[in-house]
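Got a structure here, written out as structure tokens. Questions coming.
Chain nomenclature is as follows: A, B, C and D, assigned in order of appearance, with residue numbering initiated at 1 for each chain independently.
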Amino acid sequence: MTLRSFIRHETFLAILLVLALFVLSWQSDRFFTVANLLNQGRLMTETGLIAIAMTFVIATGGIDLSVGSILGLTAILTGVFWKNLGVPLPAAAVAAIAVGTFAGYVNGLIITRFRVPALIATLATLALYRGLAEGVSQARSVRGYPDWFYVLGQGEVLGVPTQLWILLIAAVVAAVILAYTRWGRTTYAIGSNEVAARFSGLSVEGTKLALYTMSGFAAAVAAVIFVSRVSTTRSDMGSGIELDAITAVVLGGTSIFGGRGTVLGTVLGLCLIQALKNGLSLAGVKGDGTIMLIGIVLILAVLASAIFERSGTR
Amino acid sequence: QSAWTGGDDLPTNPLACDATPATAEAKPYDGGQPTNPPDRKGKTLTVVDVPKLVGIGYFNATSKGIADAAKEMGTMNAKTDGPSKANIDDQITLIDNYITSGVDGILFAANDPVAISPVLKKALAAGINVVGYDANSEPDARQWFVNQAEFNGIAKAMVDSMASEIGEEGSFAIVTSTFTTPNQARWISEMAAYQAKCHPKMKWLETVEAQEDNILSFNQSNTLINKYGDELKGIFGMTSVATPAAADAVTQAKKCGSVAVVGLATPNAMKPYVSAGCVKSVVLWNPVDLGYAAAYVLRAAADGTLAPGATSVKAGKLGDLSVINGSEILLGAPFVFTKDNINDFDF
Amino acid sequence: MSADTPFVTLSGVSKAFAGVKVLKDVSFDVRAGEVHALLGENGAGKSTLIKILSGLYTPDGGTITVDGRQMKLTSPRDATAAGIATVYQELLLFPELSVAENIFLGHYPRTSSGAIDWSAVRSRARDLLDQLDTRELDVDTKVLTLSVAQRQRVEIAKALSRDAKILIMDEPTASLVEADVQRLMGIVRQLRERGVGIVYVSHRLPEIFALADRVTVLRDGAHVATRDIGEVDERQLVSLMVGRPIDSLFPKVEAAIGDTVLQVDGLNRGRQVRDISFSLRKGEILGIAGLVGSGRTELALTLFGMTPATSGTVVLDGKPVAIRSPRQARDLGIAYVPEDRGLQGLVKPMAIRKNISMATIDRLSSGIFIRAAQEARRATEAVKRLGVRCRSIGQPVGELSGGNQQKVVIAKWLETSPKVLILDEPTRGVDVGAKAEIHTIMGELVRQGVAILMISSELPEVLGMSDRVLVMAGGRIMEELSREEATPERVGAAMTAHKEAA
Amino acid sequence: MSGVDLPPVRPQTSLQRPGFLRRLMADYGQELIVLLAIVVLFVAVTAVNPRFISANNLTSIFSGNAYIAVAAIGMAMVIITGNIDVSIGALIGVLATISGTLAVAGYPIWVAWFFPVLVGMAINGLIGILVAYFRIPSIVVTLGALSILRGGLISVTGGTWISDLPPAFLIAQQKWLGLPVPLVAMIVLTVLAALWMRYSAFGRSLYAVGGNPEAAVATGIPIERRIVAVFILNGFFAGLATILFATQLQVIQSTVPPNLELTIIMAAVIGGVSILGGSGTVIGSTLAAILFATIGSALIFVNVSAYWLRAVIGLLILATVLADMLRRRRTV
């Protein structure tokens, strides 16, 4: 619970990451190359953006399971607005992102206005938004985007994948906000004692609403990047991504009960997972083996820091 | 025809109602080429096979075929690795990793023709030989695609066998995986077109989704049976998951004989129902052969013996396979399993 | 066994948390059929001692002897098995379960077949509650619908159901109003008659003198003295506890009363706040007395914007205001120190510093960024000014003891430099020393022209501190009394007037 | 006991108590809402297409999804103790494969049925230990378990299907006194579990653990052991669910059914189990499972465009959730 103990978790995670990088690059000489690492950055951007937003949500003691569906919905709308409604692509993307953000806002409303527990609310909207995506798309996928659009998902800026820049900026901004601003403080306060936060004149509802909206926004942006990376839109895009994001966040040391967690931790968690996925398959381990290992790492990492923590206090 | 057939919106090209084969208009090679690949002639190739997903009978069969071919040639180490869910992103990530790890050849069955293309182009650019099977990508994203059977061919086989079982007036429904799965969507469109053209009186009731989940397929089939009662004469199963489940639903509803099940499926999963006489015809090519052919095509492409403009390719025990519309190699006409021959197959 | 051989004896017990020794070589014993009061300042170690007695904490050193046999109390099970039952400071009940179940959970009466005998559960629960003459309480209602006093009686019934030889009560009267306190003391006496030994923790000295046979005083985790009640008087006790004499318990400061700050007219909100009208003036302490459920807290919550009024007007500094949220109330200069410290007042895992700055975090930020240095400086000052006893401003508030926690909450609200300060049970569960300090702080504030609205269930406190007294019942203001008029009799009468009427 | 006069003995059965309806609404509010939803659906859809309540359709609605209800019983218990299990879908997939493999390998049928149950209990026991004694939040442990089981299943089986199962193995296709086995199993298990949760000391202690852990400790309830136990129970019900799941068809697809865990969790919470722990019943979870099945079938019967199907399902679920919240608002 004390600062000490969760600094510990990040350091522990960092060590683990370095260790993993070392072992993996020793396993395959193609792993620790700039090209490969940058490429991995490209691949983890969508999950990353969502996980960063999710860090805030979970730090308030909430959760957002609907992000995958929001991603799918936004992706589809991008396509539909552009192809079927003939809106110019940039406008279409913006409009779609707006809708995705609104979807997040709706989550927030259900949670704050109707006092529905986040898990239930977003479990329901997970079904709803995915359904909407499928309905709107009529199960058609939209393709054939202009080349300039692919700059976002397949292009590079200064030799670094475009979306990786977005992820980096998002991470830094988020980290600063959570650590040094009153919004971050409010987030933690809500996570540890919502009632007291309310009694202290902090705008609990407002903050939560904002956070779920942000989560929707992150998912929406991820959607457009995703579309640009895979150059097509399908209503089933992003299904299951919520679990990947949550895994990264939790691995990053954010307490699922709220009140604790850092963006740095989440980013470390992300990198660790991606490194394992990539490095292991380079080392000849099959995908399913990797999935298992990630599960094991998740449990062990949290277990380890739990043990640390108890040795810390009492 | 009801509003939601589950087909896609690409143009259809129904075959003639009688047995006359499609007039294959010659088309120039439209595939891609690996950029300055090393000379692989005769050398041993490390090949990875990335199916849509691992863990379903169908792709186990294809990877078996690939393994067989590899053993036969002796100059190929092939391994299969795929996503555990038919998920475009996982598949792309996997292929990307194998590009980095530096394989000589990639065999793929695309979860999404467009989504997979960028990463395949990347593979070509890295000088890797790329050959697809079962589910295509954009032509220029791979060198060759081994086509199990053309969509309109499957459609014809399916609809014809259904018609012969339930008659020209019969009404039928479809159980598919999801409307977004390209192959299924394609087939359904072609079936719709062919049925409208050659069996106009047949009634298309509706299409339901059932994921890749056999219990759900079972429940959906039941619901269809209960909803339409005697009106329902036949069920199409569009996946190797849906078809056996549909057959089971019919069996358990004691509707064998009164409700026909026609579908794409692997023989092993269908044997109980076929030998019980509840299912008369299962349409499929031999996925083992498909994988087998794909492996040989890759070998040929790597050796340069199969170059753009070629009209046929030698595929081991399968003999010569012909090249169709540009850069596709046709495995052959779809195969219809029946009570008599189904036990000769094991996959 | 004879009356004065101890039933339970602790000798040389010590306990430390994270290296901090909170009990140092303490010895303590309880006899059957006596009421043994345990006194000490906040943080003296009373609850810790009790938690050791009831098996929640295991001592780092020392021995426990029960009924002549030395034993280890490693879990609450052991303790109950040994005949020790506890009513904790923060009541431990299951809100979703029925009263009867709460009483018998863990040791249900069984039928011969071994299944729970539910009819016995309910009838025996009924029986126990009746012994505590609590006939109004239905054994089938869920506990979450009960009032504090009612819950406490359930806790006691629970203890009796295990027919305990020793009953420990940690500040049982802290959240009770006068009438309930009397009732509770009646119950305690009745139990003593039955030969139950009672450990009684309270910060309210009058109760101690009314009930206790012996008193033991702890200070800073050390045993100071154990006396028969006859040997000591109030002053001595206080100085034993605090280590210094405290002159007056209710140091009323005469502050210059200025013009009206807050004018409330016909305020309504639900059943608990009905047609409330009163005015509050600069430098004035306006006390509100009433029974639990009389609506005092609801009134406070309405003024604070937590449950906005449905009708009525509030005029602040001559300007009519509609208060819709605590945030808005805060910005208008209204502060509320809530009734339930742990739930509403503090974010326990957070550092003292962060708790103190919580209500003013916006002002402490330039743009969105928190000025950490300034935050720390202000927190340090506040801690010094209010005399919060803590290791550092970085210490989690949860580790502090009652009184110090309360000071942190007050500090938080003083940071907003409020015009109107609403205090709900400001000294509930706070020791005499800290209590006097809090009262002194209140004095300071009124002298600086702050207007204070003080809700308290402790009549002496209301009468001692207030310039005027409002008496509430059934959500209405029954009477408004000047300091002179406000005698215990008149106030008591007004509190219950409503009940007679109804 | 002192001579306090005893009160008149109160009526024992809750039925005779005054305000019975009020109490019913308070105790079983959400269950009633779900039940109402089911009834309304049935009436409405039957009006459109009478075949909806044909014996056959009822059979497929109830027995085709019974395994979800059965699994939801265990899930409800886990959630009542304030925990959650997101790995249950993967677990059922794994157990089904084990079951099928044993059956084909020629082990006695009952071994093929019940050995997986034991495996399920063992695996969940392990999860329980990590949660209870090592204090890792259950969602984290089970998130990990999810990956391990899913990955493990595929790398072991390679996903080959299991066919030609012995007919005797296919219990889910058989009938007991004219009723399909899954239906019977669902009802019997639900009733037993419900009674047990309501009246057994163990059942009550689960509510205590979820409702107020500190108090549970102080009351002398060994919460660690309870939590381990509840996970083992969850594994037990997952095992029973697997029997129904694996024996429904003549082939077993040895992969993890997509999103099964979400469906099961949803069934529990829609059924009124508080995600915060401490309240809810297994009757609710079963009703909710039935509700989902009914919705799934109903929407096809009323010709909702298949494309909009999932959207409508989502809406209906959201509606139930909000209905419950509004109800609570009023009662509180």
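Everything that follows uses one rule, which is that a residue touches a chain if its C-beta (ideal position, glycine included) is under 8 Å from a C-beta of that chain, and two chains touch if they have at least 3 such contacts.
Chain identities (UniProt): A = Autoinducer 2 import system permease protein LsrD; C = Sugar ABC transporter ATP-binding protein; D = Autoinducer 2 import system permease protein LsrC.
No experiment lies behind these values; they were computed from the predicted model shown.
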Winner on C-beta contact pairs when B-D is weighed against C-D: B-D
Where subunit B and subunit C are represented by their mean Cα positions, the distance between them in whole Å: 74
Centre-to-centre distance between subunit B and subunit A (centres being mean Cα positions), rounded to whole Å: 35
Rounded Å distance between subunit C and subunit D, as computed from the means of their C-alpha atoms: 43
Residue numbers of subunit D (touch at least two other chains): 150-151, 153-154, 305, 307, 309
Residues of subunit B engaged with two or more neighbouring chains: 4, 6, 54, 84-85, 179
Complete list of chain pairs which touch one another: A-B, A-C, A-D, B-D, C-D
Partner subunit D, residues of subunit C touching it in the complex: 54, 56, 75-77, 80, 86, 88, 92-97, 101, 105-106, 108, 115-116, 118-119, 122-123, 126-127, 130-131, 133, 135, 139-140, 142, 190, 193-194
Residues of subunit C that touch subunit A when the two form their complex: 17-18, 306, 325-327, 329-331, 336, 338, 343-350, 354, 358-359, 361-362, 364-365, 368-370, 372, 394, 396, 412, 416
Subunit A residues within the subunit C interface of the complex: 1-3, 177, 180-183, 185-186, 188-189, 192-193, 195-203, 259, 313-314
Sites on subunit B touched by subunit A in the complex: 4, 6, 8-9, 54, 81-85, 87-90, 92-94, 96-98, 100-102, 112, 114-115, 117-118, 178-180, 182, 185
Of all residues in subunit D, those that touch subunit C in their complex: 1-2, 4-7, 9-10, 12, 14, 17, 23, 26, 199-201, 204-205, 207-208, 211-212, 214-221, 278-279
